[in-house]
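Just below sit the structures, each encoded as structure tokens.
What follows is chain A paired twice: with chain B in the first complex and chain C in the second.
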Partner chain A sequence: MISSPVIDCIAVNKSYKQNHVLRDLDLSIPPGSVVGLLGKNAAGKTTLLKAILGLIRPNSGSITTLDHDAWNLPPDAKARLGYVPQLITLYPWMKVRHMIDYTASFYPRWDRPLIDRLLHEWELPENATIGPLSSGQLQKLAILLAIGHHPDLLILDEPAAALDPVARRAFLATLLDIVSDSTDAPHTILFSTHITADLERVADRVAILKDGQVVYHDSLDTLKDHVKRLRITANAPLPTPLNLPHTLSEEISGPNARITLRNLTPELLARLASDLHATIEVEDLNLDEIFLEFHHA
Partner chain B sequence: MDSALLISVSPTSGVPIYRQLIDQVRSLIASKRLQPGEFLPSVRTLAQRLQVNPMTVSKAYSLLQRDGLVELAPGQGMRILPPSPVKIPLNQRRQALLPLLRQVAATAYQLNLTQQQVMDLLAPLLENFDRDSEANPG
Partner chain C sequence: MHEPTNLPGGRPKTFSREPIGERSDALNMRTCKNRSTSPYPHILRTYLRNKMMWLATFMLLIGICSLVASIVQFRTPTHVNVISHIPPHLDAQTRHVWEEQNRHLADDQTRHAIQEKYNHLMRAINGAFFFVFLLFVMHVVLLLKQQIASPRAVLVPHYRRPHLIVAAALVLPVMILWPLTVSFGFSLSPLPVFAASSLLFTLILWCSYLNSLPFAVLFLAVWFGAFSSWGQNALRDWFTSPAILAPLLLIAVACFFLFRLVERLLALREEMPEYHRTTQIYGWQAFSSPQFSYGESFRINYNNRVVRFTQSPSRRVLARLAESRPTSLFRQLQRWQLGQPATPPLFFAGLVLMILLVFLLISHLIPGNTNRVDIQIAFVPLFFFPLLILLSCGMQVWRTLGVDSLRPVPRKNYLRQRAAAVALSIAQVWFAMALTFFLAAAVLQPEFLATANYWLILAATAIVQIPIFAIFFWFLRYRSMVLSVAIYMVFCVGLPFLFIGSSNTLSKFLALPHFLLLAVLLLLASALILRDAYRRWLTTDLA
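Showing the complex of A and B:
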């Protein structure tokens, strides 16, 4: 059985005046996946997430979220969503406990034991007033408010940005618990980040957003298996450019070259070694390096 | 012995986590730190211990199963199998090793090491595993 995607964006465009933020963007996310959305500042991450949630309306294209048009999500679909915005605005005069009770009152299946446990584990003072909370505490609270109803689709915009390393680990462990919790329907998580190390632990898929388009979307393993840097040492000067398929970056100097390919196959490697009479060293790249390679001029 | 303690991953390495897991289980079996009949930690346990996505762990386990290193014992988990007689043709096994050796050769060249010096380094490493391969020659 092929299950329909949880999120399906087709040819989405969004402009703010002259600023074309999303350009014919396509993105389809299968249920049960944990997707890390990577992009530089101003790549369009927040705009995309908000459009998926139906908080802003694209100029053209279609977005289907949980089988409904994102802009016209019915209440029962909205009840299956969880969202942690980048800019957290909560009632500053409320106490942490009251804010949680208030949010819980909107959801029939609020998991009070879970939230109580996390309040304790994350060291959030439940009798504190929200106004003076630190940005890290505020972010923790916003995450709790977004997961208490076990949303089928959880969307987080830079969820770990304000968290210290200890809190980030605790938060990642919670995300993994949510994913492992296979008792009900598979939970899908989409989060934007520029902390690639977090993404490498929890995400099974990566979407790289660049200039308003998804330039890469596949499993993290596939990305790491395919994107490789070659260090070529030949006996004679190498031709410039080498024009290899799917080149992300290329530096050639005499008989030496440093080339990053988007899709290195064993066949290509064998062919290169014999064609160029060269020794070729293949270097694995981590996500940070791969991200940089996708952003070469 | 809690086998989950024997396994660790480095998420920021360029090697995908599932391959790190496979490589480690292979070498734990080769070095007899995991014995036939013992069990791998459950997917959930290992994912929680290492703080990685459980799907990554289950992907590694199913590939280990495909390669005949472990079997799924219903209700009990992944059991380490005794080393099976090698079924893959010699030529294919040679081809599998070749890319790694090419890298070794290139690095040795850059480090200005002689053939003999490289062999001297390699020999004791091979001897470490020798007892295990005696049972299954070519």
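Showing the complex of A and C:
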């Protein structure tokens, strides 16, 4: 049985005055996946996440979240959603336990033992006022509030930016617990981050956003398999440019060249070696490097 | 931009030249020095670009125009001729004696001139005119504080002095020219006027700098005191008094506190308690940006006991939430109220009670004081204090509106309930305050309760809240701080002051048929505005 995507964005456009943030964006996320959303600053990540949640309305296109129009999510769909915003917006005048009680009162299946356990493990002071909490503590609290009702879809906007390495590790472990604890329905996680190491640790899919469009969306392994860097050493100066298909970046200096290709196939590699009469080394790239190559940095 | 690199192995070097942004770098004294330009135009530009300052300056201009118009009206040749025959310095008693002695001589014109002289004077000195002058200097200090209470003030060399000089250049002319204009315009003693205004200006400067509740209460108490007949008589006597030594002493006191303020600003550091009490709305944040969060707009010291007391949510409601989920609409509204920054009615009721106690009770308890404060003065705050909730919500509601909309509640219900929760808060505060005033009147001035005016004014204060709420709700979609403050100033402060200020208008307005007609019209208009606002809110981005 093919299950419908948890998130389905079709030709989504969103602009603020003259600033086109999302341009004909398509993205479909299957249930049970952990998707890392990568993109430079101002690439449109936060806007996309907010549009998926129905917090902002696209100028055109359609967004379906949990089988409903994102702009008009019914209460039962909202009860299956969890969200950690980039800028934590909690009530600074409340104490931590008040904020938890307040949030819990909205959800019928709030897991109080889980939250109590995580409060203790993450060393969050229950009786502290939220206002003076550090940004890391605020982020921990926001994550707790987002997962207390076991959401089927968890959306996190740079959730680990302010966490220390210990807290980040604990947070990632919690994410993995959530995904593995699929007793009733598969849990889907979509999170944006700049920390590619975190993404590599938990995500099984990656979406790269560039200039308001998803330029890549597939499994992380596929991405790593397909994006390769070639170091070419020829006997004679190489032609400039080489005009290879799916080139992400190309630097040619005399007989040497360094080329990153998005979709390297064995056939292409063999043809290249014979055409150029060159030796070619193929390098694997980590996600950080792949991201840089996608953005020609 | 790529630089060619030697292959293989080299990393492309990227060079970028950061443009020196005027917004962020306007205050960078080092940059200014390197360019050999003066920092003053850059600093002045921060005031010119600030929309709150636009609003304050606009209101200041209106205040200046009103003051000038008042003086021109006051100084007609006939008035000047008649006033020249009035003894120059009249305290309440000698004026009364003079009026009695000249009753058979003075014609209607003379009596009218005397009355006019004091009417214009009082309107100029403690009506809305003076308020806008105070508002202007308050804005300047709030912006200055925001500039000084930052790491830049410590790290950037020669930072504070030019900022202080620019602020002083904006504030001092207002502080000096206002008393001079008023004293010469209305033929008053310059020194007493200068002394009183200097003290008030100094008080508002300190209040703005400290940004703390007790000082705000002190200022409001003094301010409302000036509106009472007791305060007006005292001011009138003081402004026409020939005294020299006492005003000079008061001016010295004001100067002392001004210098202390400058000292404090020059030494302001993070460990000082007032450092954290800044209002970032006077900064450079792009409030019109859809991605801007109001969460960044305030820096409040939540370790402060007063702040904790006034903003701590209802323990009773929280305890009930912890036990079970709310089912009735009222309980749901109570829950949304927990998410409002100015929920506890106790805060407002307490504030007003304190103000009342300061000048109302004292005036009744001073032995032999015949100029008691009239209880009617209590209605002025009843007009606009409950609506302060709108202002605070207007500032902070966007902070959590988006995230809260993800709670399992349909969008329509969510919007209705959030608006209804704010309306409920206003109603609660209004009721608490009305009860306070009722009790104060029952104790201090029971005869007032027997007049029809009491009940009509009370009803008017309640009815006025509804259209203002509707208008505010409509405009809140634009998430504009300036718009919120402007609406509050115009509808919540300006109109009631004008309304209360003119007793003739008030008595005409309070004729029952007119009152009822106006009330019905206002309620109808409110319903239409609310309906339209709700429809627009349904299509508004909430984050």
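What we mean here is this: the second predicted complex is superposed on the first by the 296 of 297 C-alpha atoms of A that agree within 3 Å, B and C clash if a C-alpha of one lies under 4 Å from a C-alpha of the other, contacts with A are read in each partner's own complex, and residues count from 1 in each chain.
Methods note: contacts are C-beta pairs under 8 Å (C-beta built on N, C-alpha and C of every residue); 3 or more make two chains touch, one makes a residue touch a chain.
Quantities reported herein were computed from a predicted structural model and do not represent experimental measurements.
S.K.: Do chain B and chain C fit side by side on chain A in the superposed arrangement, or is it a clash?
M.R.: In the superposition, chain B and chain C stay clear of each other.
S.K.: Once the structures are superposed on A, label A:Tyr107 by its partner contacts, choosing first (chain B), second (chain C), both or neither.
M.R.: Once the two structures are laid over each other on A, A:Tyr107 reaches chain C alone.
S.K.: Just checking: does A:Val202 make contact with chain B only, chain C only, both, or neither of them? Give me first, second, both or neither.
M.R.: first
S.K.: For A:Glu123, using the defined touch cut-off, is the partner it touches chain B, chain C, both, or neither? Pick first, second, both or neither.
M.R.: The answer is neither, since A:Glu123 touches no partner chain.
S.K.: State whether A:Leu172 touches chain B only (first), chain C only (second), both chains, or neither.
M.R.: A:Leu172 contacts chain B only, not chain C.
S.K.: Using the superposition described at the top, determine whether chain B or chain C touches more residues of chain A.
M.R.: C
S.K.: When the shared chain A is used to line up the two structures, what angle, as a multiple of 10 degrees, is there at the CA centre of chain A toward chain B and chain C?
M.R.: 150
S.K.: Taking the superposition on A as described, I'd like to know which of chain B and chain C A:Met94 touches: first, second, both or neither.
M.R.: In the superposition, A:Met94 touches chain C alone.
S.K.: So, does A:Asp181 touch the first partner chain B, the second partner chain C, both, or neither?
M.R.: neither
S.K.: In the superposed arrangement, does A:Asp67 touch chain B (first), chain C (second), both or neither?
M.R.: A:Asp67 contacts neither chain B nor chain C.
S.K.: In whole Å, what is the nearest CA distance you get between chain B and chain C after the fit?
M.R.: For chain B and chain C in the superposition, the minimum C-alpha gap reads 11 Å.
S.K.: Shared contact residues on chain A, chain B side and chain C side combined as an intersection?
M.R.: 231, 233.
S.K.: Which positions of chain A touch chain B when the two form their complex?
M.R.: Where chain A meets chain B, its residues are 34, 169, 172-173, 176, 179-180, 196-197, 200-204, 220-221, 224-225, 231, 233, 266, 269, 273, 279-289.
S.K.: Which of the residues in chain A come into contact with chain C in the complex?
M.R.: Where chain A meets chain C, its residues are 16, 46-47, 50, 53-57, 72-76, 78-79, 81, 83, 85, 87-94, 98, 101-102, 104-108, 129-132, 231, 233, 251-253, 256-258, 297.
S.K.: What does chain B use to touch chain A in their complex?
M.R.: Within the complex, chain B contacts chain A at residues 11-19, 44, 47-48, 51-56, 59, 99, 102-103, 105-107, 109.
S.K.: Mind listing the chain C positions that touch chain A in their complex?
M.R.: Residues 2, 4-8, 12, 14, 289-291, 293, 295-296, 300-303, 307-308, 311-313, 318, 321-322, 325-326, 335, 338-339, 341, 399-400, 402-403, 405-411, 539, 541-543.
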